[in-house]
């Protein structure tokens, strides 16, 4: 390079340096503000829920049935149990199917046509509005059996869970290095054994995370339960009877005229959020930094 | 599974059977028995022809080296020898590979079955994650249906002894396989392959990820192992091939250029391509 | 661009050529002095031998270093192994030249040689020098053909040696030649013949380096193979 050109370039660099520094600071500032805006709803929601709902939380709230209209006290014990039962049903249906699909997708070759169709369907299913899932479950699991039931609710939730589990577990299984599969195959083990006994074993934590995320997602859903599990004001442990759940109970109380029930709805909402957030955080903790193995 | 006690007493019992063991330790007549041979073997990745009509034979209880520059098809060829090649999407092979006289590409031949007899050790040590040292060694047998605990214990001990790892790990058999050092991991992988009692073990640059000391240990181990199992090793380290192998094959852009006794290949090769490669005058 | 092995091999080749030149010179001086019945050059031969010895050490060092650091293969390996042996042969040739010049000095002090012996030496001296020169030519040019010629010349030198031995012994038995002088003459012939043997060895090593063939000891070889 010519010396003159070099000098010119140097001067240019010196004059632009200050300018660039200012621009940089400005850009950083704007992005930081936007980032704060993005997370502020969560902080606001939590703060709001805690201030409004903490008062409602009590041992009685966690363990007893709702008090009759007009009376004070009572709780959401039956909804908490109901949510667990519904999620249990959903998991029994959704986890095997979701894992099956996830394993299939991860093990099929990238070029496989059928696999890409399945993958596309799973993505679309994940995008179906939950109220539509509820309607679908109403026609499939409520009408033919002549009534609302915990089973139908579990079915609806499982439809929500399946695509989540399928896609997440596929991603996790794809993280398994090729050489692990090859090592298994080289021992003369059939492919299914390599997948089920070696590959899955190495991904235990990741797969558990996938389930946890799906459960967290399902346990917060209201819409699919409105036409399936309905609601109940009583303890229910039956698969064939309507059953209460936290989201639906919150919905019911929140839309009621009673101030007492509004209070209970806040408490329920706080509980639900803590539950869901807790699961998500736990899942994150499990999977943090660990891609595969150990 | 045939585990008829051939494992117990491996360590040390050999020295008595042959008096002395030289580095490559064979008489003049090791070419007596062919255990594995390829005939007009071709292999492709998609439309890319990587192995071109290679016919080569490997002798029983020898270390056979395959050398050649990167991309010459030596690893692919090796993977064709126990049908691992076809596990890669878009890969295919054509031709005949006779193992103990039977074609492993025969339509009745099951790849998994082939690999029980012809094991493999890879470039990067790859113990199974989330498995202990012990489990890593016996998982293959366990999944193949060997249930008895004392059998598994015996085999694990014998195999770990055979690879010289037993004394290092006997007190921590339940530690994760991945907690070992690189060289130990590779020996663990060899023990894992040995546990299936294969007749042949294929090794794909097994020391290229290891330090010189670990490499030396593995090399000693291979020379020791060939008393019981035939070894085919792909290596880009010519000195390694020269040190440990009995026969050497030189591959160049998918073609077999030369095959012969290692001593001959490295002192007096017949083909000028081989000469140029081993003296480093390539490219 | 040359690789390290090539640089080293080039250096080795130059050193051996230098040594070879010195060895030839040593033989020439020793032999010419003998044939011309003058012993003035004995000290020169010693000086040359000294220089050969220094190169002898240097070449061995170079070879060991190349083997240790470059792990040569194929023709490079054969070349270095051949050089190690040629190096030793050249050193021996230097020693023998010194011996010849020493024996010549004493032999010349006695009575003049008879005609037959003189003629035999007149033929043997250049034949030996020729063998050494041709062996070195073969080395420089990697010429297997020339090397094979050297091996054939060895028979001629052997024949001349035998003739000198016979004649000298005969004269000694007749009493016309003193034992001391006779012994010196025999030693000269023997040393010249040894120089020829070393030249043959060099030729064999050249053949090995260029073609990988080991042409030594063809008779012993067939016996080795039979079991």
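Should a chain be cited, it is by its letter among A, B and C, assigned in written order, with residues numbered from 1 in that chain.
FYI, a contact is a pair of C-beta atoms (placed from the backbone, for glycine too) under 8 Å apart; a residue touches a chain by one contact, two chains touch by 3 or more.
All values reported here derive from a predicted model rather than from experimental measurement.
K.L.:
Once you draw an edge for every pair of touching chains, what topology comes out, line, ring, star, complete or other?
P.N.:
It is a line, because the chains touch in a row without closing up.
K.L.:
Central chain, going by Cα centroids?
P.N.:
Smallest offset from the overall C-alpha mean is found for B.
K.L.:
Return the chain whose centre of C-alpha atoms lies at maximal distance from the corresponding centre of chain B.
P.N.:
Between chain B and every other chain, the largest centroid distance is to C.
K.L.:
Could you state the distance in Å from the CA-based centre of chain B to that of chain C?
P.N.:
Taking the average C-alpha coordinate of chain B and of chain C, the gap between them is 50 Å.
K.L.:
Which whole number of Å gives the spacing of the CA centres of chain A and chain B?
P.N.:
Taking the average C-alpha coordinate of chain A and of chain B, the gap between them is 47 Å.
K.L.:
Roughly how many whole angstrom separate the Cα centroids of chain A and chain C?
P.N.:
Using C-alpha averages as centres, the distance is 91 Å.
K.L.:
Which bits of chain B are touching chain C when the two form their complex?
P.N.:
238-239, 242, 266-269, 274-275, 278-281
K.L.:
Going by the contact rule set out above, which residues of chain B touch chain A in the complex?
P.N.:
Touch residues, chain B against chain A: 82, 84, 87, 89-90, 111-117, 119-122, 124, 126-131, 139-140, 143-144, 176, 178, 189, 192-193, 196.
K.L.:
Quick check: in the complex, which residue numbers of chain A touch chain B?
P.N.:
109-111, 177, 179-190, 193, 197-198, 201-202, 204, 292-294
K.L.:
Taking the touch rule as given, give the residues of chain C at its contact with chain B in the complex, in rising order.
P.N.:
For this pair, the touching residues of chain C are 3, 5, 71-78, 212.
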